[in-house]
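Okay, so here's the structure we're looking at.
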Amino acid sequence: MLSFENDYSCTATPEIIEGIRQTVAKQYPGYGSDEICESAKAKIRAACESPKAEIFFLVGGTQTNQIVIDSITPQYAGVVAAGTGHVNVHEAGAIESTGHKVLTLPHHDGKIDARELDEYCADFYADGNHAHMVFPGCVYISQATEYGTLYTLPELKAIRKVCDGYELPLFIDGARLGYALTATGNDVTLQDIARLSDVFYIGGTKVGAMFGEAVVFTHGNMPEHFVTLVKRHGALLAKGWLLGLQFDTLFTDDLYRRIAHRANTAADRIREALSERGYTLTFDAPTNQIFVTLDNETSNRLQRHVRLGFMEKADDAHTVMRICTSWATTDEQVEKLIALL
Amino acid sequence: MLSFENDYSCTATPEIIEGIRQTVAKQYPGYGSDEICESAKAKIRAACESPKAEIFFLVGGTQTNQIVIDSITPQYAGVVAAGTGHVNVHEAGAIESTGHKVLTLPHHDGKIDARELDEYCADFYADGNHAHMVFPGCVYISQATEYGTLYTLPELKAIRKVCDGYELPLFIDGARLGYALTATGNDVTLQDIARLSDVFYIGGTKVGAMFGEAVVFTHGNMPEHFVTLVKRHGALLAKGWLLGLQFDTLFTDDLYRRIAHRANTAADRIREALSERGYTLTFDAPTNQIFVTLDNETSNRLQRHVRLGFMEKADDAHTVMRICTSWATTDEQVEKLIALL
Amino acid sequence: MLSFENDYSCTATPEIIEGIRQTVAKQYPGYGSDEICESAKAKIRAACESPKAEIFFLVGGTQTNQIVIDSITPQYAGVVAAGTGHVNVHEAGAIESTGHKVLTLPHHDGKIDARELDEYCADFYADGNHAHMVFPGCVYISQATEYGTLYTLPELKAIRKVCDGYELPLFIDGARLGYALTATGNDVTLQDIARLSDVFYIGGTKVGAMFGEAVVFTHGNMPEHFVTLVKRHGALLAKGWLLGLQFDTLFTDDLYRRIAHRANTAADRIREALSERGYTLTFDAPTNQIFVTLDNETSNRLQRHVRLGFMEKADDAHTVMRICTSWATTDEQVEKLIALL
Amino acid sequence: MLSFENDYSCTATPEIIEGIRQTVAKQYPGYGSDEICESAKAKIRAACESPKAEIFFLVGGTQTNQIVIDSITPQYAGVVAAGTGHVNVHEAGAIESTGHKVLTLPHHDGKIDARELDEYCADFYADGNHAHMVFPGCVYISQATEYGTLYTLPELKAIRKVCDGYELPLFIDGARLGYALTATGNDVTLQDIARLSDVFYIGGTKVGAMFGEAVVFTHGNMPEHFVTLVKRHGALLAKGWLLGLQFDTLFTDDLYRRIAHRANTAADRIREALSERGYTLTFDAPTNQIFVTLDNETSNRLQRHVRLGFMEKADDAHTVMRICTSWATTDEQVEKLIALL
């Protein structure tokens, strides 16, 4: 059956599979201390224009969010995030399992607002009794967000400024960073991300890799003994070169951007078709995730032919569904879907 | 350079690489809810002769030890293990990070002794003040152990009996289970492991897979909402079929046993050569790990030509080194090593 | 300076001080295994009309909330509470420090609504993807609430019914239970609390004791090895008889109710005076906490003569302040305050 | 029945009870922000000759050990302690519950040896693979130890030197510090303790107070937002002046030393009587704890008349029992005990 359910339903790009195949006859040192990892890191540093960036490869997104937040947030503090943030809603309490509260701000199409962040912090410190409360300890945002929307460069700069004011590290979840960087109308570059954040990650799992997220500490601020912290979380991959190879491949010949752009193009094509046919887009989002508010009849009809992602009931008669393209989406799949609309 | 440093320095068996390649054109549902995982589980259940076994695939060994122990051990309790156990020594505090103490017993060539376990528990409950102490909450052993040694069937049964007496679940770390099952002189079958333990895992990372450990809850005792517990630990792989496929391949045509046996044969050949040349084997172990006590001069000479694992200083003049074969070790590598001895 | 800042600014009732004095010449066994604790437990069981109730004395409220919630909530679950609940706002992350998320419902004058609780749970299980979310694991409410309001008996029964439907234990924080039980118009008895909850506590710190909270597991459901869990949290008082003696005293001759009633009477008198003078009560609450919305000028004027509790800014020109009576409030203090209004 | 079971079986010195009584008519600000706490801190600073010392009052010993260790030990590290240390054996896993492993050294009559500590650290860093192990993160010792023995000044200085070499904070558990400071032959002063440690505590629970331990950070090194960390552990006492008053009283007119000395004198008298009668003292200890190895018959006979502490079976025919004096022990009790020997 046709599926636009998510962006992690295919194994990996052929280039990565071929790369894996070529390692078979060789031996590598363990835990990421191999040359392929070094090569991948060098390419990422170059792409970020951040010669001092420190990079660590992890397997999955929740794992990455958990480890990064736990390692940069003081014991007396929590992580500030949108109420809709992945760390608040869809990680089964992984953040709290490390002892940190998720402190939520209202979301605006999935994004937090710099002014509201500023007010939150100002109110926190204004309250004389804040010693009995959880301090804001870092700020978590996603680019692209849960709803496929993007922070603009001015928005990012404004958040950075508030973070500076309260000495809060800014962590950007880039599980879908590829789709963000290559979206129509996006004005935030990878170099901007590296410059404006304290730590971010480049998502592989949803953008062409079998698995893997490349965590980038942007200015020599990787927490001390980070490899031990990763091991302590049970997250240190024995055969680290598998991670290095995937990112080395993705950052060769611009592959990461090329495949992400393809997914956005497919999504744009679907959005256009939806608009032409009078469908209601739930959010104005330019990346590979399309949220559409369907009457239940249409929703049911479509799902007899194509797997979509369920998001939430809008009201008794309508449902918000997600149509998700990926680096692996083919023109043929897009046309089949459009024919069903 | 020649390397016998460890058994996780090669990517995976060609069968697995080929299997991965064949998934490229397809789409799969996420998080292990796919048909390949189901197929792999069926094959493992059959191999264990445990139709009721519940199976969950995880990525790595420390992760598996952490999640299993945390999910089966009460809050007021710890895990009983050999002082040399992997969970006590080489996991960067991953067990304690979940709030559980590792309660250590003396080791005998890496193994715990049923009688000492019994005495430990008896003493614990005899002491009227034990409410202020960490209760024994489960028992952790490895087959093969850290030192490549094996529990015999009578030894395993004796431990099981003590566990029954104190209602302690028995967890067997099988990171190197393949090498244990196929070792010369081994009398413990996979079915014995399944029958005598409450939970164990079949190691993939060190026995032919790119990564992956198959956790087997042997009698309908998988903790409630285990998938949520795994997600909470940041350990739920998005593309679960990658794990399923590897175990499906390893449990087809007896591949798991065949490749493990090959590693043992290579190790036997090396052990024979060491003995002939008068080297001192530190432990009498029949699996793929060979521990040899070398005078420092020999140790240094060898390491100019071959990478070995450092274990510990025996005394000022001697060092214990590990020679580790794997499923990927070739006859040519073995002969080269022997020529150096 | 006159103070109505809180209800924990005086040491203890004279009866308790005298009781402590009388223990001086004696020796007691440690950790609560003494006869005074047994006597106190018997009196509480009788007052609750719960012969099977199991009782444990702890030192403070946050400690109690942390230990109870941690011991009754599964690892995969969190605690459902009002967004304004003490555990969510004013405990410095004590709940999250044990790995559990606080799942918030909207509050209505500090209370949760049974129907909204029901919908929350229904939605949770309706969402097919809930394995990636934090399960509701227990329900936390306070009687009286943070805002001095009370659940009515029908409201409590409705919450109990929802808890039954989803097999959620109901935990009632009774830090100010005395003030709730003796408030004008209250229709919920101590026996109701014991019957309708799975676990609750009788607050001592804010109702006449130097310190101490009596946790009551209402139906033989005290978690296994609870004393060890308490010790593990660093919360086991060596000289347990100090706790037992205080509760034994409070539950002799109805002292607990008598002193609480006195505080409510003082608060009623103040509320009356506030109403007569046209002040705006922020909540319609019958217990010892009075929340009043003051224009800033009045607020500042009052605070030159009396210490009040700051709650929040209502708007740029108004502030919500708390006037808090206690078991120790004297008529003279009340009259002085009223004279200032 | 006569009891020498422990040193926390009596309520408090009369001076403290009287001090508590005198607070009854007053109101105090909460959480330790009162003037009595300030006065007590000033007296402790003076006694330590440490004008920069920061002091925090906590309720109990396990709580104190847990909070101090958790707040000074990095996430990737554990606490180094004697295998017999209270934190390793008798705290129900309170340390591990905060995610930190207890790393054990051999004990010598309850004490660790500076040379062995040095070797432990040297070996740790020598092992190239230590990134997979728990780092030593702080050092925990007790003065007096679990066995009533004392570190000499040269021993303490030697440990301090090793700590300096590896940048490890030194934490001294002073639950029985009074008994240590006033023991015959002791050469370590309170000022030495303050000078040689990074943090220590002055035990109140076992030395005259109802409860309470005064944590002293010796050189401006109290962890940031420590009050929030304490609250997060559920350990912040609402009526902080109860703690302040007890330490203010103990540090007035040398009361702390005077009552501790009395206990040591009683213990010396008992030790003398034991020696005269040919009993075997298990350890050569000068403080209020006497460990004596009894044949089982004598042990049983004595326990019909006096409560003693059980320590361990020495062999099938002998038992090690503890005779514990305290600040409350009377001459009459001592004579009664001696008459039984």
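All chains are identified by letter, namely A, B, C and D, in their written order; residue positions are counted from 1 within each chain.
Basically, contacts are C-beta pairs under 8 Å (C-beta built on N, C-alpha and C of every residue); 3 or more make two chains touch, one makes a residue touch a chain.
Here the structure is a predicted model, which is why all the values come from computation and not from measurement.
Relative to the C-alpha centre of chain D, the farthest chain centre belongs to A. Two chain pairs, B-D and A-B, are compared here, and A-B has more C-beta pairs in contact (counted per touch definition above). Look at where the CA atoms of chain B average out and do the same for chain D: the two points lie 42 Å apart. Chain A and chain D have Cα centroids separated by 50 Å.
Chain B has its Cα centroid 34 Å from the Cα centroid of chain A.
Chain contacts: chain B has residues 76, 91-93, 97, 99, 131-133, 228-229, 231-232, 236 touching two or more partner chains.
Listing the residues of chain A that touch chain D in their complex gives 70-71, 74-76, 99, 131-133, 135, 224-225, 227-229, 231-232, 236.
Looking at the complex, you find that chain B touches chain A at residues 3, 5-6, 8-12, 14, 17, 20-21, 23-24, 26-30, 59-67, 91-94, 97, 205-206, 210-211, 228-229, 231-239, 241-242, 328. On chain B, the positions that touch chain D within their shared complex are 76, 78, 89-93, 96-102, 127-129, 131-134, 310.
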